[in-house]
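Shared between the two complexes below is chain A, which pairs with chain B and chain C, respectively.
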Partner chain A sequence: MVEAGRSPNIEIVSNADLLSLDGKPGNFTATVRVRPRYIDAEACTACGLCTKYCPRHMVDGYNEGLGITRPIHIDYPQAVPATYYIDPSACLFLQHGTCQICVPVCRSRAIDFSQQPTERKLAVGAVIMAPGFGRVPEAALTRYGYGQHPDVVTSIEFERLLNPSGPFKGEVRCISDQRHPHRIAFIQCVGSRDLGCDNGYCSSVCCMYALKEAMVAKEHDPECEITIYYMDMRTQGKDFDAARKRAEEHSGIRFVRAKVAAVTSWDQGLKLTYATMDGSHGFTGYDMVVLSVGLDAPTDAGKLAAIGGFALNRYDFCRTSTFAPLESSSPGVYVAGAFQGPKDIPESVTQAAAAAGIATGRLKTQRGTGVILKSYPTEKTADAEAPRIGVWICHCGINISGVVDVHKVTDYAGQMENVVYFNDSMYSCSQDAQETIKEKIKEHKLNRVVIAACSPRTHEPLFQETLKDAGLNRSLFEMVNIRDHCSWVHANEPEAATQKSMDLVRMGVAKARLIQPLPEQTVPVNKSALIIGGGVAGMTAALTLADQGFPCTIVERQDLLGGMLRQAHYNLPGDDVPGFLKNLVDKVKKNKLIDVLTNAALLATEGFVGNFASVVQETKGKKMVEHTIDHGVILVATGGRPHRPAKVLGVELPKSDRIVTQQELEAQLAGKAKNRAPGSVVMIQCAGSRGDDLAYCSKICCNEAVKNALKIKEINPASQVIVLYREMRTYGYAEDAYRQAREKGVLFVPYTMDNKPVLAAKGKGVKVSYHDPILREAVELAPELLVLSVGLVPESTDELSKLLKIPVNADKFFLEAHAKLRPVELPVAGIFLAGLAHAPKPLEEIIVQAQAAAAKAAMPLVRGKVEVEPIVSHVDQDTCIGCGICASLCPFQAIQMLKVDNKRKAETIAASCKACGICAAHCPTFAISMGGFTNEQINAQIQAFGAIDKE
Partner chain B sequence: MAKAQDKKTGAVMVVGGGVAGVQTALDLTELGFYVYLVEKSAAIGGAMAQLDKTFPTNDCAL
Partner chain C sequence: MSKEAFSPKILGFLCNWCCYAAADSAGVSRYQYPPNLRTIRIMCTGRLDPAFILRGFAEGAAGIFTGG
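Right, the complex of A and B next:
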C-alpha cells in the first residue's frame, strides 16, 4: 500500500466516484468526481489533534461499528494517503453550520471547509475494474440472531476483535458485557450457498478465514473452546488441507458437520440449535457466535456496469468467460479480484498481474509514454564521516508497546555513542513517519539509521527507499526486530522483553557504526523468454508475452501442443473446449514472435536473470538436434497428469473394465455410442487423494464429477447416479451445478475415512457397499460403471527442480516465492510459474495464472535491466585459495570458478546471488564477505551483546 | 514528488483500491504505464486493511 502511495507513477484519486467513461479502447476519457476531504492533503501532518478536539461521536466503520470515532479522523495510522478527512454525514458544521472547533486547533491550518467537489477528466488507454465485494443481505444474518443479540457477530467484526488496533485492543471480549468468551461457535455458509438470499454460489474464502480466526482466537486464549459448524469444509487450495488438519489436531478446534437452525438467547449466553447429517437434532450453549459471512457483489456493481458498458452475471458480479476470465463484455475494460467472482488474496493478486498484463499488451505502443522516472537526490558519501546515527523505536500500535517499554528502550538508545538523534514512533511504517525520518536525517545530518520495529523481511525495503529519498545510500540502514523477537515471543515477560529489546538495539547500533554504503549494480537483460511446457498454461503465457512484444520459445516434450487439455471434451459451463484449444494452438503457431520446439527437452540452463543460456534437445525422427537459446527469463509450465492410485480406499483395485476414471468416462460420454451413458453409475470422490494415497486435495475432481453426472443425466435421464464423497468442493459458481445435479436426481452420499465404502469384484463386474447416513444402514450396489475421481499429480518436477535449482513442496509441486504476495514467481530470480506444475486447478484459473506469470516475466524485459541487491557476497581473490567449497554449496548457482593468472579463484555472479551467506560461512580462509553483513560488523554485534552495562 | 497531470497516453485507470486494485496498479507501473487509482473511500487498502493476519501463514495483512 505504502509502495503504491510513493510510486511516482500511481496517482491515488481517493474519495472519488467514477461518473462516466467515453471513447474507445486505447483512448478512453473517464470522468471522476472527487469529493472534498475538507482537509488540505498537502498541509495535513496526520498529527491527530483534530480528532481529539472534535466533540461529535460517530460509529467507527473501519472497526465494523464496534468502536467509536469522530467525524474528523483517519481510519488507521498506516492509511494511504495518510491524510485525515471529515465525514460530512456526521460533522456538526457540514450538517448544521455550527462548531468548527477543529479549524483553530489544527496547527498546520489544513482544515478547509470551503472545499467543493471537483470533476476530473482522465485520459486512459484501458480500465481495470477492481471494486472488490459487498456485504451479504441483512436477512441472512438476522436468521441467526444477529442484531437481536450483541454476541452474535459477523466474521469481519470478529476479525476486528482479534486485531490489536481493534475495539478491545486485540482482546476477544463479548460485546454484551465484555467478558472473555469461553465457548465460541462459527457458523459457515452465512449468505453463501443460500438461495434464501439469492446467493447460490459458494464464496470460496469463508472456510479459510474461519480456520484462521479460530486458530488466532485459540492462540489468544488456549482455554477457549471453539466449534465450527459446516456443510463442507472447502479447503481445496494449495496446502490448505494441511492447515485444516493443524486446526483440528494441533489447535484442538472442533468440527461439526451440521446445519444450524437457530441461535437464541439462553441464560446469559446463546443457544445454538442444529441438525446433523443423520437427521438428529442437538443444541449447545455458547458465549459468542461468529457468522462466517460470504462475499456479495459490490453495492455499486450495477452503476459501474452501466458506466463501463459491460454485463453482470446473475449474481451481479462481472460477467466473463472461461477462456477470457478477466475481460468484461466491454472491450478495453478488464476486471480483477473479487468482482470477477468471490476469491481469496493470492488469487486476487494473481488476477491483478494478469489483468495488468493483458490490458497493457493491447496498449504496447503507448508503453513508457506516460511514466515518470523517479529520481533520487545524489547520495552523500558517508564513509569518510564519523557515524551520526539516528534511532527510531516503533510502538507498532500496541503490538510492541503492549509488552515492551518503548520509552525506556528509546531513552537507552539515546545514551549510546554516535547516536545523535533518537525517538519513538507509533507506526514507523506509516507514510507520515517516512516524512519525519527524511526530515530528521537532513536536520541532524544523520548518516546511519537504525529502526527497531518489525521484520526486515517485510519492511526493510520501505525504510531503505526512505533513506534513498533523503540522499543516503540504502545500505546505511540497520533494522532491529523487537516485535517478532521480543514482544511476540516474550509476551508474558514484559521486563525481560524490554531488556532484550535494549540488548538488540545496542547490538544494532554497534553494527550501524561499521556499516558502509554499497554500490548499486544493474545488469542488462536479454529481452526474450523460454517457456517450458506447451499446454494451455505455456501457450497462454507465450501469447501474453508476444502481445507485449517479446519473443519466446516454447519447449514441449510431446509431439503436439495442448498438454492435458487435449483429453478434455467439455466443461461445467458448457463451453467448446476442443474448439478453444484448436484456436489457441493455431494462434501460437501463427504468431511470428513464438518459436515452438516439440519432442524437445531442456538439457541444461546456466546464467541468471536477464542472461540465461539454455540447451534444448529436439528429436526429429531419428535425428537429435541441440539448440542453444539465449533468453532473459524462464517460465515453467510443465503441467500435470491424472494420478493412477494403486490402492483406492485402502484396497487394491479389482481388475475390471467396469472401473474407469472421470477422464475416461468423459471421453466415453463425448463419443457417439448409443449406450455411452450407463443405467447405473457410482462415483467415488477423493479416490487416492486427501490422505488415501496423495496427501492433498486436487481441487477439480468435485467439479469433474458433477460435470459428468449432469452429462449422464442429459443423455440418459433414467440413469441412477450416486456420488460417494467426503466433502463436495464445488466452490464459486460451480455450486450452482452441484445444486442442479441434485435437482436432477443425482444422489450425493457422504462418507468418512472411519467408515469408508468397500469396493470388491463381483464376477466381471464390481460391487460397492457403503453406509448411508440418512437411511442409517449399509447399502450394497453393483453398478454398471464405477467411476473413480482420481487426483492430479505434477508432471516429473524432480528433474527440472535440480536443473533450475527451484524447490518443490512435499507433494512435488513447485513452490512459489510467497504464497500470497508472489504467487507466480519462483524463489530463483527470473523464473516464473503457471499451471498444474504449481498446484491442481481448473482451466479458468490456469489461464489467469499463465497471463499473470507472463506479465511478471515481462517486467524485467520492459525495464531492460535488472537491479542487483547490494548485499551480495564478494570474494577477495587475494585470500581465495580456489578450493571451490563455496561454488559447490551455493544453492543459486551464483558462484563461478575461474582462472586468474593461472590460479583457480571463485567469483560471485552478482545478479544470481541471493545473499544467503552460505559461501561466507564455509570459506576456510574468510575470503568471502557479505555486503551489509561483514565479519567486522557481526563481531561488533556479538561484542555488543556481551557488553551489558548494568547502569 | 510532483505527479504528472492528465497524461494523454500511456495511462490506465484502476477502479477500486483494495488488494486487487493496488496490486494491479503496481504491476501496471512495472509494465511501463502511468496509473490513476480511483478509490471511493478516503484511503486505499479495502477489506485487506481490516484483516489482522492472513491464512494459512498468519502473515501481517498490512
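Right, the complex of A and C next:
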C-alpha cells in the first residue's frame, strides 16, 4: 500500500465515485466525483491532535461498529493516504454550524471546511474494476441470532476483535459483558451455498479464514475451546489441507460436520442447536458464536456495470469467460479481485498483476508516455572528507517520547565525536521533517545522517530518498530503532528504555563514522524470455509477453504444444475446450515473436536476472541439436499430470477397462460409442490423494467428478451415478453444478477415513461396499464402471529445481517467493512461475496465473535494466587467494571464479547478490567486504556496545 | 540500574529478514521484554563471523544472542 502511495506514477484518488466512462479502449474519459475530506491532504501531518480535541463521539465503522471514534479521524494509523478526514454525517459544524474546535487546534492549518465536492475528468487508456466484495444479506445472519444477542458476531467483526488496533486492543472479549469467551463456535456457509438469500455459490475463502481466526484466537487464549460447524471443509488451495491438519492436531480445534439449526440465548451465554448427517440432534453452550459470512457482490455492482457498459453474472459479480477470465464484456474494461468472483488474497494479487499486464499490453504503443522519472542532484563525494554526522531523535508523536526521554538522548548524541548537528523531531518521517533534514544537510555540510526512530525495514527507503534529494549518497545513512525495539517493548521501564536508546544511538553513530558511499549499480537487460513448458500456461504467458512486444522461446519436452489440456474435451460451464486449445496453438505458431522448440529439454542455465544464457537440446528425428539462447527472464510452466495410484483405499486394483480415471472417462464420454455412459457408475473421490500416495488436495477432482456425472446423466438419464466423497470441494460457481447434479439424481455419499469404502476385485470389475449415513446401513454394489478421481502431480520438478536453484515444497511443487505478496515469482530474481507446476488448479486460474507471471516477467524487460541494492559483497582481488570457499558457499550463485593475470580470483555478480554476507564471514583472508556491513563497521558497533560500563 | 538485581548485558545479532523483523513485530504487538539487549542488524546470520562473537564477549557481553 505504501509502495503504491509513494510511486510518482500512481495517483490515488480516494473518497471518490466514478460517475461516467466515455470513449473507447485506448482513449477513455472517466468522470470522477471527489467528495470533500475537509482536510488539506498536503498539509495534514497525521499528528492526531484534532481527533483528541473533537468533542463528538460516533460509531467506528472501520471497527465494524464495535468501537467509538470521532467525526474527525483516520481509520487506522497505516492508512494510505495517511490523511485524516471529517465524516460530515456526524461533524457538529457540518451538521449544526457550531463547534469548529479542530480548526485552531491543527498546527498545520490543514482543516478546511470550505471544501466542496469536485468533479475530475481523467484521460485513461484502460479501466480495471477492482471494487472488492459486498456483505451478505442481513437475513442470512439474523437466522443465527445475530442482532438479537450481542455475542453472535460476524467473522469480520471477530477479525477486528483479534486485531491489536481493534476495539479491545487485540483481546477477544464478549461484546455483552466484556468477559473472555471460553467456548467459541464458528458456523460456516453463512450467506453462501444458500439459495435462501440467492447466494447459490460457495464463497471459497470462509473455510480458510475461519481456520485462521480460530488458530489466532487459540494463540490468544490456549484454554479457549473452539468448534467449527461445517458442511464441507473446503481447504482446496495450495498447502491449505496442511493448515487444516495443524488446526486440528496442534491447535486442538474441533470440527463438527453438522447443519446449525438455531442460536438462542441460554443462561449467560448462547445455545447452539445442530443436526448431524446421521439425523441426530444436539445442542452445546457457547460464550460466543462467530458467523463465517460469505462474500457477496459489491452493493453498487449494478451502477458500476451501467457506467462501464459491461454485464454481470446471475449473482451480480462481473461476468467473464473461462478463456478470458479478466475481461469484462466491455472492451478495454478489465476486472480483478473478488468482483470477478469470490477469491482469496493470493488469487486477487495474481489477478491484479495479470489485469495490469493485459491492459499495458494493449496500450503498448503509448508505453512510456506520461511517466514521471524522478531526478536527483549530483552526489557530492563524501569518502575523502572527515565525517560530519547529523543525528535526529524522533518523538514519533508520543510513541517514543511517551517512554523514552527524547531530550536526554538528543543531548547525549550531541556530545559524541563527529556529531556536528543534533536535534529532536516530532515526526521525523513527515514531509516537513524531510525538508528540515535536507536544509540542515546543506547548512551544516553533513555527510552522514543517523536517525533514531522506528524500523529501517519500513522507513530506511524514505530517508534514503531524502538524502538523495540533498545530494548525498543514500548509503551514508544509519537508522537506530528506538521505537519497535525499545519504547514499545519497555513501556513500563522509562529509565532503562532511555539508557537503551542512548546505547543504541551510540552504536549507530559509531557505525556511521565508518560508512562509505556505495556506487549505485544497474545492469542492462536482454529483452527476451525463455518459457519452459508449452502447455496452456506456457502458451498464454508467451502470448501475453508477445503482446507486450517481447520475443520469447518456448521449450516443450513433448513433440507438440498443448500439455495436459490436450486430454480435456469439455468443462463445467460447457465451453469449447478443444477449440480454445487449437486457437491458442495457432496463435502461438503464427506469432513472429514466439519461437517454439518441441522435443526439447533445458540442459543448463547460467547467469542472473536480465542476463541468462541457457542451453536447450532439441531432438529432430535421430539428430540432436543444441541451441544456446540468451534471455533476460525465465518463466517456469512445466505443468503436471494425473497420478494413478497403485492402491486405492488400501486395495490394489486390477488392470481392467471397467476401472478408469476421470480423464479416461471424459475421453470415453466425449466419444461416439453407443454404451459410453454405462447404467451404473461409482466414482471415488480423493483416490490416492489427501493422505494416501499424495498428501494434498488436487483442487480440481471434485469439479471433474461433477462435470462427468452431469455428462453421464445428459447422455443416459437412467444411469445410476454414485459419488463417494470425503468433502465436495466445488468452490465458487461450481457449487451450482454440484447442486444441479444432485437435482438430476446423482447420489453423493460421504465417507470418512475411519469408515471408508471397501473395494474388492470381482471378475473383471470391482465390488464396492460402503456405509450410507442416511440409510445408516452398509451398501454393496458391483458397478459397471468404477471411476477414480485421481490427483495431479507436477512434472519432474526435481531436475529443474537443481538446474535453476529454485525450491520445491514438500509435495514437489515449486515454491513461490511469497504466497500472498509474490505469488507468481520464485525466490531467484528473474524467474517466474505459472500453472500446475505451482499447484493443481483449474484452467481459468491457470490462464490468469500465466498472464500474471508474464506481466511480472515483463517488468524488467520494459525497464531495460535492473537496479542492484548497493549493499552487495565486494571482493578485494589483491587480497583474494582464489580458494573458492565463497563461491561454493554462496546460496545464490552470485560469486564467480575468474582468471585474473593467470591467477584464480573471486568476483561478485552484483545482480545476483542478496547481501547475506556468508562469503565475507568465511573468507580466510578478509578479502570480502559487505557494503554497509563491513567488518570495521560491525566491530565499531561492538566496541560502542562495550562502552556502556566504561563511561 | 540496581547492582543487586541480575541484569546481564546481552549483545544481539539479528538477521534483517527474520529476527529483526520479528523484533519489529514484537514492538507492534507491544510484547514487553527485559531491556537488557542491545542489537546489531545484519543482512543474514551467515554474515556472523565468529570473531564478532568473541569480540562481543571481550567487550563485556554477558551473553550473545543471534537470531536468524
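Simple rule for what comes next: the second predicted complex is superposed on the first by the 794 of 951 C-alpha atoms of A that agree within 3 Å, B and C clash if a C-alpha of one lies under 4 Å from a C-alpha of the other, contacts with A are read in each partner's own complex, and residues count from 1 in each chain.
Operating definition for what follows: a residue touches a chain if its C-beta (ideal position, glycine included) is under 8 Å from a C-beta of that chain, and two chains touch if they have at least 3 such contacts.
Keep in mind the model is a prediction, meaning the values are calculated, not measured.
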With both complexes superposed on chain A, which partner does A:S689 reach: first (chain B), second (chain C), both or neither?
neither
First, second, both or neither for A:T466, with chain B first and chain C second:
neither
Does chain B (first) or chain C (second) touch A:A4, or do both, or does neither?
first
Based on the superposed arrangement, let me know which partner A:I128 touches: chain B (first), chain C (second), both, or neither?
first
Answer with first, second, both or neither: which of chain B and chain C does A:S789 touch in the superposed model?
neither
Taking the superposition as given, does A:G917 touch the first partner, chain B, the second, chain C, both, or neither?
second
First, second, both or neither for A:Q943, with chain B first and chain C second:
second
Return first, second, both or neither, reflecting whether A:P164 touches chain B, chain C, both chains, or no partner chain.
both
Comparing the two partners chain B and chain C, which touches a greater set of residues in chain A:
B
Footprint overlap on chain A, comparing chain B with chain C:
164, 170, 458
Interfacial residue positions of chain C with respect to chain A in the complex
1, 9, 11, 16, 20-21, 23-24, 26-33, 35, 38-44, 46-49, 51-52, 55-56, 58-61
In their shared complex, at which residues does chain A touch chain C?
164, 170, 455-458, 481, 483-486, 488-493, 496-497, 499-500, 503-504, 507, 871, 914-918, 920-921, 930, 933, 935, 938-939, 941-943, 945-946, 948-949
Chain A contact footprint on chain B (complex, rising order)
1, 3-4, 6-60, 62
Which bits of chain A are touching chain B when the two form their complex?
1, 3-5, 7-18, 28, 30, 32, 37, 62, 64, 74-76, 78-81, 83, 85, 120-133, 156, 159-160, 162-164, 166, 170, 208-209, 211-212, 215-216, 239-240, 242-243, 246, 300, 304, 336-339, 344-345, 348-349, 351-353, 355-357, 359-360, 363, 366-372, 374, 429, 454, 458, 548, 819-820, 855-856, 858-859, 862-863
